[in-house]
Amino acid sequence: MSSNSFGKLLTVTTFGESHGPAIGCVVDGCPPGLALAPEEFRADLERRATGRSRFTSQRHEADEVEILSGVYQGRTTGTPIALVIRNTDQRSKDYGDLLDTFRPGHADYTYWQKYGIRDPRGGGRSSARETTMRVAAAVIAKKWLAERHGVRVRGHLVQIGDLVPRAFDWDAVETNPFFWPDAAMVEELEAYVNALRKSGDSVGARVTVVADGVPAGWGEPIYGKLDGELAAALMSINAVKGVEIGDGFAAVAQRGSAHRDEITPQGFLSNHAGGILGGISTGQALVASIALKPTSSILVPGRSVNLAGEPVEVVTKGRHDPCVGIRATPIAEAMVALVLMDQALRHRAQCGDVGAVEPRVPGRVE
Amino acid sequence: MSSNSFGKLLTVTTFGESHGPAIGCVVDGCPPGLALAPEEFRADLERRATGRSRFTSQRHEADEVEILSGVYQGRTTGTPIALVIRNTDQRSKDYGDLLDTFRPGHADYTYWQKYGIRDPRGGGRSSARETTMRVAAAVIAKKWLAERHGVRVRGHLVQIGDLVPRAFDWDAVETNPFFWPDAAMVEELEAYVNALRKSGDSVGARVTVVADGVPAGWGEPIYGKLDGELAAALMSINAVKGVEIGDGFAAVAQRGSAHRDEITPQGFLSNHAGGILGGISTGQALVASIALKPTSSILVPGRSVNLAGEPVEVVTKGRHDPCVGIRATPIAEAMVALVLMDQALRHRAQCGDVGAVEPRVPGRVE
Amino acid sequence: MSSNSFGKLLTVTTFGESHGPAIGCVVDGCPPGLALAPEEFRADLERRATGRSRFTSQRHEADEVEILSGVYQGRTTGTPIALVIRNTDQRSKDYGDLLDTFRPGHADYTYWQKYGIRDPRGGGRSSARETTMRVAAAVIAKKWLAERHGVRVRGHLVQIGDLVPRAFDWDAVETNPFFWPDAAMVEELEAYVNALRKSGDSVGARVTVVADGVPAGWGEPIYGKLDGELAAALMSINAVKGVEIGDGFAAVAQRGSAHRDEITPQGFLSNHAGGILGGISTGQALVASIALKPTSSILVPGRSVNLAGEPVEVVTKGRHDPCVGIRATPIAEAMVALVLMDQALRHRAQCGDVGAVEPRVPGRVE
Amino acid sequence: MSSNSFGKLLTVTTFGESHGPAIGCVVDGCPPGLALAPEEFRADLERRATGRSRFTSQRHEADEVEILSGVYQGRTTGTPIALVIRNTDQRSKDYGDLLDTFRPGHADYTYWQKYGIRDPRGGGRSSARETTMRVAAAVIAKKWLAERHGVRVRGHLVQIGDLVPRAFDWDAVETNPFFWPDAAMVEELEAYVNALRKSGDSVGARVTVVADGVPAGWGEPIYGKLDGELAAALMSINAVKGVEIGDGFAAVAQRGSAHRDEITPQGFLSNHAGGILGGISTGQALVASIALKPTSSILVPGRSVNLAGEPVEVVTKGRHDPCVGIRATPIAEAMVALVLMDQALRHRAQCGDVGAVEPRVPGRVE
């Protein structure tokens, strides 16, 4: 698997730079017969789009997906599905003054170290623009998971800076621009983010993704564990610095008698494990969380060097995004969905469809 | 890549069950010419061994590595290196009363869901016994990284239950059975763990691994990012529920002006990023941390079900390991070393040896 | 690696159907710094194009490659290179009467068996149209191999029906539409193919590809052998039914004393092995040949069935291609070049650049 | 996938050198529940063994397979199956005089070029000894294919030197040491091979493998074609120089009207395609043939060089194998079986079990 491809049996290969002519992806391995139309990509791309609200960055991306292959008469054929989005916003001039400067906290320094080439156009390949295609590819995965297995993948914010929700309601999440599960706090959040923007600074965020309906038995030991692949998938999202499954780091201070999820004939009594034991799904809700660092491109001046090795002061001009973590929500959902569909296909390859469709129940004769 | 294999160019395939005849691994892709002798595996295997001290479980494993292939006249030949360790402790009788019972917090329930087969012998393939071969394989990676690139990979505990070190000294780490960096606290730790054992309960732990000497430029965007692969590698260790790079979840509450690591002609001014930007190493120390859940096999009774679906009470008999996280330290080092060597080989495939051996320095004419 | 991807370190993923909106590919793993311009793709695409002469099929494809990513200021950046060609000839009406009919010798029957879906548009994904992108991708590989290692990959026909060349001259190959190395026979070939066309029938062909300048040491034992990967690559070309390395099937009747290539201090005395021993290049010219079956779409009526399972008579209308093997020459070159570049990168990953740049010479102190 | 691994979903990793302590393999991806006992490996290993008759080389290998993992209570568990065979015949002294000499036609020259290391022990990793583990691994694949899909994989010789069978009878194949389908010719073959041995020379051979019962629909376009993967698998066998599917190179001189296999409601009327169209199985018998070069280790002296670059004369002492192609028969069967099982699992991953178990029949309503 090449480094711009993701997944073993559902393989997504993305390509494209932030300010090149286009970005795109090839989705290989989707079963035949899934209904798919270009307009189905719109909702999730809109959720991810930076222009969604004034609380995220203002670059307008008219993201229209073109399906170049793999779909015939409205259904997938089993051959690779290529999706392309033209970049309509290729103004390289915005980045003119950063041509020779490494921005602190950005990948431009490490890309230059690796490749010896500097592509200053909006971060080039390292830009979060690339994640657009992950969201697009995952529209296919989400639909297949829902239709074939009744799986639903949803995400929400659980922390921004030091603010955390005081209540939880799934229905609230999609009614505010913060994917925040506590509707009563939205005004407070708006004030918080506006103050942050005025100060020219940024904060981090924490996002949780929950997948309901995942059957027991998905995930492959030892190096293809469901949690291992989720960790890789989620850590590959721009700005992510941490991944947790279930209780995550809170488990460090827990007692075994409290952490282990007891089992009764009626099911598990708790879900500290986040739906995964030994790398394989338990049949409970799958719960994964990520930490996103604060935006590095801010108005507060910072020290850096240029290509000549001279000290420079860097200030990111124009409007900025005081919390990149907000729009990571649909991206995190996308990665979870892609991992799950890949694992579903791997499970039926080795174990057949049985485990997925009709779960084993202790005590039932098979 | 099959699910019992790890790595793209340095590929480690492990096999074996906890109480089967043997465990082993095949290390494929190691460059020729590396000196390698069976006795070099001893030190790290001893560090990982459960019988190391009375603070971890007392099963005695006489882990003698046999090199079956890939080494001729004391040097690697470039062909696959097979390592095998015979299991000398195959007493299945210990597990007799658990034959039909699912242990809360264990993989036996999910393995049965996936495969429809129950192998009660000490956890079978899901046992931490498998990690012995990761440590063995990583002896090769650690040596190659040190000789070829001057990289050193070391780990230590940073939390057990709610105890954290009050001081830090690398020299202290290997002088106590807890891989604890604060020698003054060792007695306190002993008392803490002894009390825990007496109560029949367990706690979690947090381990940090640091790799010094990693050159800038290792790691592959987008889905082969250095942090993404570290996350997969570390999450694949038994009992791990969270992975952090650099500041990890602490970054959520940080400001961008504080988090981003400023650069001067003399180098970075901080390392909140943990040595990775955009998935590629910065040339700073690489820092990764993991959360390990508390041991699930404890003396405190717990509710569960058996294969017949009937409610049962489970108690793990015999001596138990009140904190599995302690011995995860060398295992976490192993996974970091395997990822780094794999990435080093991938880097020289695409970019040649230049970036690794002679780092690019801003301002220097090349 | 997904099934529409090829190569381990230089990974080419192709997509697109014969009569869909576009075909394309993503080339992942190309080292940074290679000069690359859209017009460099023209020559080889023209050599492959079906409209090249009246001796191959007359469909006109204006194949203009657009580079969507991976190239900045005329040089590769190390990120994935996406190439797209719009299909300008999407007339599905041509295939209207074949909507429900399986054509003997074609993939439409097996695609329907596999996927349960029938895409009658010119063969869909199974069309030789897909090989256009292989040729495009290999333009990059050929250039890198030439610039970095001095390798030249060339092909020619060695048999069409029962005609074989009576003389051999590399200079003749590109001067006639048959890639035929014997200029004196071109008129004879024209008459032969014209007669074939008039009869409405077709013949097979045999193509040989020679790579000069391949250093000793490329190729990976055991399942990544250079000849094994060439075999997979060449057999994956449409209509190929056989692959030979060096003497190939002629070796069956040879004596060992005649076949083995003796070695002297001045080099090998023969090249029956075709430049490969034990799956690794010897430093001699690499020689591979393929057998292509006769075109299945012919004017001679044939028996088949339709989707309803009823017997039907199939006749391919319009102009046809009496020998698909002719234009396989640049496609075969392409696959050889892609395999070689992939192996070159794999070699330097495991063994460093030494073996490639400075060959080992027996007797020389290193 | 590393270069000592084979297969995508059924992944076989082999290790070991001809005269090292042991050879072995890890079979990863086998579905759970397949009955498997150590004695089941004997028959095919015996068929492959060099000591089988006086018509192949006389080295005696007591090949006893030990199952190290993946089988519990006589059934596969879904975890990796490790098989090991101890080398009982490690006499390095036999090769003492070849320590510094490259044998013409052998891999020792290219291994030295690649790795810079010389392991003279019977060819080391490049020895045909490695194929023992392919045969062992394929015992599992053959059994699974037979039980799950009713597939039978069989091979036979079709040419040795310039001798070809004058009759064909499957029942004759296993009654003579040549896997020869014409019992009446066995005496003639014995005389032929004896004369060859006396002359100290060798000849090549041609082997055909037939798989009956393969359902339509197996094989993945474009780079995972069934014929492409067979070509790679078969070309990876020691001494193989050519691979054909169906009519193979004979198709070059055929007319399209003769080659294409016509279809009727009762089935195909011929099988020139060898059971594969467009890389996917047609439901007919799968037919593949290979060319094996004559043994390079012969008593006839040959010119070569030593490590010092000096000219030397090489003579292989002791008994030799006048036709290595004979025992390639079970090895070729093994590679075909491994490819088929891998493709069967890949098919059910993408397309479900439907296509495999209940073939689509034109005209039948589904």
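Just so it is clear, A, B, C and D label the chains in written order, and each chain counts residues from 1 on its own.
By definition in this document, contacts are C-beta pairs under 8 Å (C-beta built on N, C-alpha and C of every residue); 3 or more make two chains touch, one makes a residue touch a chain.
Note that the coordinates shown come from a computational prediction; the quantities given were computed from them, not determined experimentally.
Path length between chain B and chain D in the touching-chain graph (shortest route): 1.
Among the remaining chains, B is positioned farthest from chain C, on the basis of C-alpha centroids. The pair from B-D, C-D or A-D that reproduces the interface of A-C, where over half of the contact pairs by residue number are the same, turns out to be B-D. In terms of their C-alpha centroids, the spacing between chain A and chain B amounts to 26 Å.
Inter-chain centre distance (chain B to chain C, centres taken as mean C-alpha positions): 45 Å.
Contact of a single residue of chain A with at least two other chains is seen at positions 1-5, 9, 14, 29, 32, 78-79, 114-116, 125, 221, 346, 351. For chain C in complex with chain A, the residues that touch the partner chain are 1-5, 9, 11, 13-17, 20-24, 26, 28-29, 32-33, 66-70, 72, 75, 77-82, 84, 114-117, 119, 121, 124-125. Taken together, the chain C residues at the contact with chain D in this complex read 1-6, 8, 14, 102, 104-116, 125-126, 130, 159-162, 201-206, 216-225, 227-236, 238, 240-265, 269, 272-274, 276-283, 291-296, 298, 300, 302-311, 325, 346-347, 351, 354-355, 359-364, 366.
Note for the complex: chain A touches chain D at residues 9, 29, 31-32, 78-79, 221, 345-346, 348-353.
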